[in-house]
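After this come two complexes, each holding chain A, first together with chain B and then together with chain C.
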Partner chain A sequence: MDIKSLEDRFNEKIDEDVRIEPKDWMPDNYRKTLIRQISQHAHSEIVGMLPEANWISRAPTLRRKAAALAKVQDEAGHGLYLYSACETLGVERDQLLQDLHSGKAKYSSIFNYPTLTWADMGAIGWLVDGAAIMNQVPLCRASYGPYARAMVRVCKEESFHQRQGFEIMLTLCKGSEEQKKMAQDALNRWWWPSLMMFGPTDEASTHTEQSMRWGIKRFTNDELRQKFVDATKPQADLLGITIPDKDLKWNEERGHYDFGEINWEEFFNVIKGNGPCNKQRVDARKSAYDNGAWVREAAAAHAEKKSKKQAAA
Partner chain B sequence: MTDLTKYNYVLQHADNCLILGQRLGEWCGHGPILEQDIAMTNISLDLIGQARMWYQYAAEIQNEGKSEDDIAYLRDAWGYRNVLLVEQPNGDFAQTIFRQFLYDTYSCYFYEALMNSSDERLAAIAAKSHKEALYHIKWSGDWVIRLGDGTEESHNRMVAAVQELWSYAGELIKPNETEAKAHEEGYGVDLSAIKEKRDAKIREVLTEATLEVPESTYAHEGGKDGRHSEHLGYILADLQFLQRAYPGLEW
Partner chain C sequence: MKNWPLWEIFIRSKAGLNHKHVGSLHAADEEMAIQNARDVYTRRNEGVSIWVVKSEHITASDPDDSDPLYEPAKDKVYRHPTFYDLPDEVKHM
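Right after this comes the complex of A and B.
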């Protein structure tokens, strides 16, 4: 088949909402876009382990400690299946990790902010996982099969994490004055970075149009951001804490909340590497990788010796 | 308190699980391979789960209206009864593996024996924990072999880990007064009966790993009676921070 008819067949599948599978022909740019997006997502999962792992040793009760361990472990698991989905597109996990370490590949900027109090464990679950779910639920219908299937599992666990985060916030908000202050402070620090998780405005987004055409993306950044604000404002009211945006108010005509201007200068600065923890996060990943090199070599060497022995026997 | 010996006996095991779980949790996000990061977190999670069962029982025996967290979080170092092994630092991956292996070779035989305890509650904790311990020893034993037999570097690192930790192996199977009394009363495990099995397992795995079993039998001890290394204070500073900074709150 010539390229033209392969392309037509591919576009037909996309139009008919038929999943593209690893062995199917696909345009180079579709493949590249998927590798970029899925690996970025995988990296976000494993870099995202760090800010929360920061509070495991200090979790205030055994129940919270166990939940924190389980949550961070889930994220590692998400990283695993997303790296596997990426490998079906013909790129090795090791290469993807190199790209993360060199700064070539990105991860969600939200994880470049520090976790300063226990309330951040609540705020991350409630807001960051909440925003992630908004982004990710539509991806369960993404056109690429392995990605869509990985996302089904990811989303189930994320919604559990979101409820768990909200429950941490609720406990704090029902607690002492100091605990409530902790919760408000966490909301103040995580609110705007959470809105930034949806990416640049539709006008400024370079990838949206093509990704929507390919069925990799189903809603625009601004649509998802609005959905998130609409869902989250009543939750903040329920908690009795205040979203740090004086322009946030219900717009009867639009049937949505209006909200203030995002500080895009901060957003692009963090993406460029100037966030409070960009260096620490990448350094932590690199040092885990570098310090683990001898372990990976030992495992490979032992496996080889073992298979030689078995072959000789 | 109706039974101080049983309370202390339960606490020893609760503290072992908590402190080792706390140590392993430090690896979370920093493991050498993503799959092993998950494995260590998983074992940490098992240990925290076991610690909770033990502390809940301790709270019931104590019968002063305290919760699992009151007991786990609100003692000073001298009140903790874990063995010295579990508070030792993670070191490199080889050291973490060998610490885990020494603990697992003890815990799987300990729980196996405890399943026959005259105390039903202890037998139930043992039955649940034994299943997990079997998985843990499979994991740590396989890694001792992989690293010992792997490359020159990994072999040398395993040799160093064995040297570093060997003197903490003895305390696990040497009964203190509490354990001796618990055995006498029929609910505790006879540690001398599991020593042989444990030693044989260590020998079997180290031999397959091309590592030597050290001859020294000198054992650091005291942890079971509240005499600890300098490390424990720092572990507790992290563990207890919120409970100490904001006493008496719900979290």
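Right after this comes the complex of A and C.
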């Protein structure tokens, strides 16, 4: 079949909402864009373990510690579902990891901020996982089958993450003056970076149109950001803490909250590698990889020895 | 170093149901594949039994052959119970 009719058939499937599967023909750019998007997403899950892992050993109660452990373990799982989905497109896992380590591949800018107090665990679950859910739920209908299926699993698990974070915030806000201050401080520091998680404005984002056409993006960055603000403001009110944005107010006419200008210079600076923790995060990933090399080699050697023995028997 | 081989994971969610494909993972051997599958795919009681198969051992049909493979079944409506006209008096058949 010639390329034109292959392309037509592919577009037809997209229009009819029929999923594309690994062995189906797909345009090169669709494949490349998906590899970039899915691997970026996988890297974000894995790097996202680091800021919270920081607090596992310092959790205030056993209940919180068990929850933190389970959440961080889930994020590892999410990374693995997504790496596997990405590999169905014909890339090797090792290549993906090397791209993360070399800085060629990106991950979500949010994980380059430090977790300074226990309240940050609350703010991350509430805001960061909350923003991730906004982003991810529509992707359960992504046009690429393995990606959509991975997202279904991820989304099922995320709601516990957000609820446990909100519960931490709620407990702090009902606590002492000092605890409430901690919660407010965490909100102050995480609010704007959370809004940045949705990416550049629609005007500035170059791939949106093509990605929407391909069904690997279902809403624009600004649409998702608005949804997030609308959902989160009443939750902040319920907690009794204040979102650090003097321009945040209900717009009756639009039926949405208006909000202030995001500091895009900061966003692009963090993406470029100059956030407070970029170096620390990538170094931690590299050292985990390097220090785990002997385990990978030993396990491979053991497997080989065993299979030789079985063959001989 | 070379990647550990890729394994396809199948999970039986409860007794009486089929094993169903849930995804894949890397592991050095079958034992490790089962343990990793336990950690990756059954953290919330999603399974009571796990199958692991090396991905390279799976042979898949070619999507381009869909027409010759599945077309012949399409016009055989008489393979379905609703094809047959029975009087209303025959209540359950």
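Rule of thumb we're sticking to: the second predicted complex is superposed on the first by the 313 of 313 C-alpha atoms of A that agree within 3 Å, B and C clash if a C-alpha of one lies under 4 Å from a C-alpha of the other, contacts with A are read in each partner's own complex, and residues count from 1 in each chain.
In this text, a contact is a pair of C-beta atoms (placed from the backbone, for glycine too) under 8 Å apart; a residue touches a chain by one contact, two chains touch by 3 or more.
Everything numeric in this text was worked out from a predicted model, so none of it was measured.
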With both complexes superposed on chain A, which partner does A:Asp24 reach: first (chain B), second (chain C), both or neither? second
Based on the superposed arrangement, let me know which partner A:Thr171 touches: chain B (first), chain C (second), both, or neither? first
In the overlay, answer first, second, both or neither for which of chain B and chain C A:Glu297 touches. both
By the touch definition at the top of the document, which applies to A:Asn274: first (chain B), second (chain C), both, or neither? neither
Touch test for A:Lys65: chain B only (first), chain C only (second), both, or neither? first
Going by the contact rule stated at the top, is it chain B or chain C that touches a larger number of residues on chain A? B
Please work out whether A:Gln179 is in contact with chain B alone, chain C alone, both, or neither, and reply first, second, both or neither. first
Once the structures are superposed on A, label A:Ala53 by its partner contacts, choosing first (chain B), second (chain C), both or neither. first
Kindly classify A:Lys305 by the partners it touches after superposition: chain B alone (first), chain C alone (second), both, or neither? first
Considering only touches as defined above, state whether A:Gly77 meets chain B (first), chain C (second), both or neither. both
Contact residues common to both interfaces of chain A (with chain B and with chain C): 70, 73, 77, 80, 293, 296-297, 299-300, 302
Tell me, which parts of chain C touch chain A in their complex? 1-4, 6, 23-26, 28-29, 32, 39-40, 43-44, 60, 62-64
Going by the contact rule at the top, pick out the chain B residues touching chain A in the complex. 18, 21-22, 25-26, 28-38, 41-42, 44-45, 48-49, 51-52, 55, 68-69, 72-73, 92-93, 145-147, 149-151, 153-154, 157, 235, 238-239, 241-243, 246, 249-251
Show me the residue ranges of chain A that touch chain C in the complex, using the header's touch definition. 1, 21, 23-25, 70, 73-74, 77, 80-81, 84-85, 87-88, 92-94, 146, 149-150, 153, 157, 293, 296-297, 299-300, 302-303, 306-307
Footprint of chain B on chain A - complex, ascending: 46, 49-50, 53, 56-66, 69-70, 72-73, 76-77, 79-80, 83, 118, 171-172, 174-176, 178-179, 284, 287-289, 291-302, 305
